[in-house]
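Presented sequentially are two complexes of chain A, the first with chain B as partner and the second with chain C.
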Partner chain A sequence: MPGLHLVGLLKRFGKTTAVNKVNLEIEDGEIMTLLGPSGCGKTTTLRCIAGFLIPDEGEIYLGDQSMTDLPPEKRGIGFVFQNYALWPHMTVFDNLSFGLRLRRVPRSKIKSRVDETLALVRLSGFAERYPRQLSGGQQQRIALARALVIQPRVLLLDEPLSNLDAQLREEMRFEIRELQKNLGITAVYVTHDQAEALVLSDRIAVMNNGIITQIGTPEQIYNQPNNRFVAGFIGLSSFVDGIVTGLDTARAYATVTTSDEVAIRVPAGSMALNQEVTLAIRPEHITLISDTSAEVPPDANLLEGEVIRIAYLGDVIDYRIQVGGWTLRVHTDTDTHLRPKDKVQLMIPAERINLISPDL
Partner chain B sequence: MAVAKSDASLQDKKGERLAWAFPLALLLPATALMLVLYAWPFVSSVYRSFLAKGGELTLANYQKAFELYFRDVVFSLEVAILSTIVAAILSITLSAYVRLSSGRLVKLISLLYRLPIFIPFVVVGQMMRTFLAPHGLLNIFLAQVGVIDLNAPLQLFNMQGLVLSFVWKQAPFMTLIILGGFQMIDDAFVEAARSVGANILQVILRVLVPMNRASISVAIILAFTSTVGTFTLPFMLIGGKIPTTVTVDIAHRVTYFGDWGVANALGVLMYLMVLIMAIYYLRYSVKKGIYEA
Partner chain C sequence: MSRSKILVKAIEAVVLVFLCFFIFGPMLALVLWSVAMKWFWPHVLPQEIGLDYWAQALGLQKSLAIGAVSITDAFQTSIVIAVLVVVLAMLIAVPAGYVLAKYRIPFRGAILFLFLMPQAFPQQPVFVNLLFSFNKIGLTSTIHGVVLIHLMVSLVFAVWISSAAFKGIPPELEEAARSVGASRLRAFFQITLPLAAPGLLASAVFVFLTSLDEFTGTFFIGLPFISTLPMLLYSSSGYNLQFASVIAIVLLIPSILFMVIIERFLKAEYIGGVGV
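On to the complex of A and B.
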């Protein structure tokens, strides 16, 4: 099965540029997620790939074949819609067989293909039902089956799980990924739910304002966000601005000094002296130390702070801690019992701090 | 305690009885109005179709109606059915076009198509008399294009011309209703069909039309009943020629013979034509549900 390739894709609606020169290479058999906030252009990108929208600029390739000028019915694409869009006047069987009949698949083969696909989504025996006689979760599976039964070259899914309850949604993440891997089909999955994206993607393309700001595996996106938007959108991050004041090339660490003269040790990366940088720090990577005799690794930062706000989140406690002129969010076990105005020591391992150029 | 309890339940029962009667009481004025304004004139006209001139009950009116006007009953039906079918095909095509395309031309069309709806039948009749005349606009145009010879122009003050006029008047009205239905359908239903391989024609026939059976039947029934019942247009285009429509015959019977008996009998026949459509509608659209096959 061929990979999918977007080159300089651009789509405007009046004055808004919904998709702005997007380049994306999705490999054969890969499931790529477009992740981003509402209105960032995810659906528009997907609809351009499907051929429902004609891009103003750019090309779409499937393997070596340009699809840019093909009408949707010639692209061989399976599309799963957010609202499922099962045809209400057709039974499940007819919904699935519609595409096969259009392709003039012989009658006997249609029956077996539909049966196979229904088995794939574990809904054998539902063929004679009408869509309104199915639960939301079942409709979702049928929508998936309808997209798969035509054996598409690419599967596109636009927030397919957003209408399901939390438990089912979590289950379906695994199911969709498993199905995609078993079929070896190239897939593009659109969501604004980061947990969904992290669980089911091979790679994630994070979108904002019509632009892809970072592409990477879930681990890369989470652990090494390369811009402020990604660091803030996926998981939580506290941001600290500073200037590189020292470089320790031998050990590959740099010292970043904030405007209120706090020195923080970070991985050097490709930083230059006197460069302005922003540090992104995840709340779960900070440890609170109340016992001063606790063992501190040599490369860790030790900072002084004061608790200013406490939120109990069930599994963790979310502290907001003032350090100099800025605040850090810290997540701890629920057995810490600090109160506002308590003085604390924070430990942050240097390698857990992400460097971000401030202009992004 | 026990007494008080049964008292309470007694009052509950009374309350229930009242609750049952109250909505009916509210419906009474509306029902009475319907009876006086609709049912009574209708029943009286049916009744009078069975009265002879002297006042005795008879089937003579129907016998006479059939003898004199059977050809016209068939003609009326043919005109109504034909123009409704043509207008339905036209309006479904136009609605689908407007629903599935975008751009300035579509915006213009979706404004312009409504105009004929606001033109009264009399004016349509007047327009069509000049447009369809032997040396009218249509024939002159066709002659210029070279399709016909102006010495032998198309004769259109007959069924063809009548059907054409009705289509001109009814198709926009049907489009208004059908397009409304088409616009209610989410893009995803159309796109889903295209993604599995349907071309535009297949999308229209297999998705848009079946998903809109309700609005299409409403449009067809309203257009059909209005066509069957129109007097002015056939009167102006065909008048007393043979064959003509039942509506013209009714007017003729009343104006020249004062013959209300036969006129009412013809009226009842017209009502039956419409009734067939109404039954069809109730059987296939309402009872079975919109979405079932």
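On to the complex of A and C.
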């Protein structure tokens, strides 16, 4: 199956630009997630790929073939909607066979294809039911089956799990990924749920304000966010602004000094002296040290701080700790028992600090 | 059974009796009048009953002693006009309602308002004006003329109800059909239209009944050559209650038939979907 390429895709609604010159290459057999807050342009991008919307500029290629001017019915796509969009006046069998009948698949074959696909989504024996007789999870599986039964070249999913309850949602993540991998189908998945994106994607494209701000594997997106939006949208991050005051090229470290004269050692990357940078630090990468004799790795930063707020989250305790003129969020296990105004020492390994450009 | 339950049951019974009285009371009076050969004050029930007015109205008997004429011609005219109006109204209302519901077309409000215009003025002046213009193009006292008048009166409701019917159908259903390979037309005819059918049927029934009952427009444009049932009813009401009752009952029959159809095909869930 061919990959999907978006080239300079642009879509305006009135005066707002919903999708602003998006370039994206989705490889053959890959599941790519478009992740972002509502209104970021992810659904608009997906609807352009499906042909429900006509982009104002740009091209969409499936392999070498341009799909930009094809109507939706000629694109060979399968689309799964957030609200399932099953046809309420048709049985499950008719919902699935509709596309096959349009393709003039012989009657005997339709029956076997529908049965196979229903088995694939583990709903064999539901063929004669009407959609209203199914639960939400079953309806969404039928919607998935309807999209797959026509053997589409690309599978598009628009927040397919957001109407389901939390537990079912978590199960379905794995199910969708497994199905996609088994079929080897190229898929584009739209969601605003970061956990969903991290679990089921090969790669994630994080969108904001109509542009893709970062593309990468789930690990890359989480561990090396390259801008403030990604660092803040996926997982939690504390941000610290500073200026590069020293470069230790031999050991590939740089020193960043904040406006209140706190020096923090960070990986050098491609920084220049006197450059303004923003540091993003994950709460789980900071360790609280109450015992000064604890072993501290040579590359780690040691900072003094004061607890200002405590939130018990069940699995972790979320501390806000004032360091100089800024705060850091720290997650610790639930064994620590600090109180507001307690002085603490923080340890942050240098390589766990992400540098992001402050202008994004 | 507890005391409060008995009280609730009693109240329900009383309400039901009153409802029956208000709904069936007037109808019963119509039925009584239609068979009353002799009914003078202060008698509570007719002194003499018979089917002569019915026989006369249905053209089975021609007696000069009974003050009733055959209504079969007027009935036929009424039905022909109503059917024509329904067909034309739906031919306009289905596409118009669909487009108004699904697309953000320019001047949407203005177009909806345009359909409302004939209703926005007192009816008589509108019809008197139309009488002059219809006269010029030879439409007065013709079936076409009356059909046009009925169309004008009922189109606003036809378009509005159709539009609501289409609006109640999520656009994703049509998009889903497109995505599995259906053309725009096929998606409309196989997905959207069947789902909108109950609402469209309601719209058609409404147009049919409106046309069947329409009086003012038919009076100005249709008479003297086009006479519908309401015309006959008007000319006989007041002095000939028996004949008027016969016509009134005949006019009620289609309404009751349609109530049955609506009850049969319009599930409450569909009606809920229409009110968007």
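One rule holds in what follows: the second predicted complex is superposed on the first by the 360 of 360 C-alpha atoms of A that agree within 3 Å, B and C clash if a C-alpha of one lies under 4 Å from a C-alpha of the other, contacts with A are read in each partner's own complex, and residues count from 1 in each chain.
What we mean here is this: contacts are C-beta pairs under 8 Å (C-beta built on N, C-alpha and C of every residue); 3 or more make two chains touch, one makes a residue touch a chain.
Model, not experiment: these values are computed from the prediction.
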{"item": "Combined model on chain A: chain C and chain B, fit or clash", "value": "clash"}
{"item": "Partner chain in contact with A:102 - chain B first, chain C second, else both or neither", "value": "both"}
{"item": "Touched partner set for A:326, first chain B, second chain C, both or neither", "value": "neither"}
{"item": "Touched partner set for A:81, first chain B, second chain C, both or neither", "value": "both"}
{"item": "Partner touching more residues of chain A, whether chain B or chain C", "value": "B"}
{"item": "Chain B versus chain C as contact partner of A:72, first or second or both or neither", "value": "both"}
{"item": "First, second, both or neither for A:50, with chain B first and chain C second", "value": "both"}
{"item": "Touched partner set for A:147, first chain B, second chain C, both or neither", "value": "both"}
{"item": "First, second, both or neither for A:130, with chain B first and chain C second", "value": "first"}
{"item": "Overlapping contact positions on chain A, where the chain C interface meets the chain B interface", "value": "50-52, 71-73, 75, 77-79, 81, 83, 85-89, 98-99, 102-103, 146-147, 150"}
{"item": "Contact footprint of chain B on chain A as seen in their complex", "value": "47, 50-52, 71-73, 75, 77-79, 81-83, 85-91, 98-99, 102-103, 130, 132, 146-147, 150"}
{"item": "Complex contacts: residues of chain B adjacent to chain A", "value": "186-189, 191-199, 202, 206-207, 210-211, 213, 290-293"}
{"item": "Residues of chain C defined as touching chain A within the complex", "value": "170, 172-173, 175-184, 186, 190-191, 194-195"}
{"item": "Touching residues on chain A, where the partner in the complex is chain C", "value": "50-52, 71-73, 75, 77-79, 81, 83, 85-89, 98-99, 102-103, 146-147, 150"}
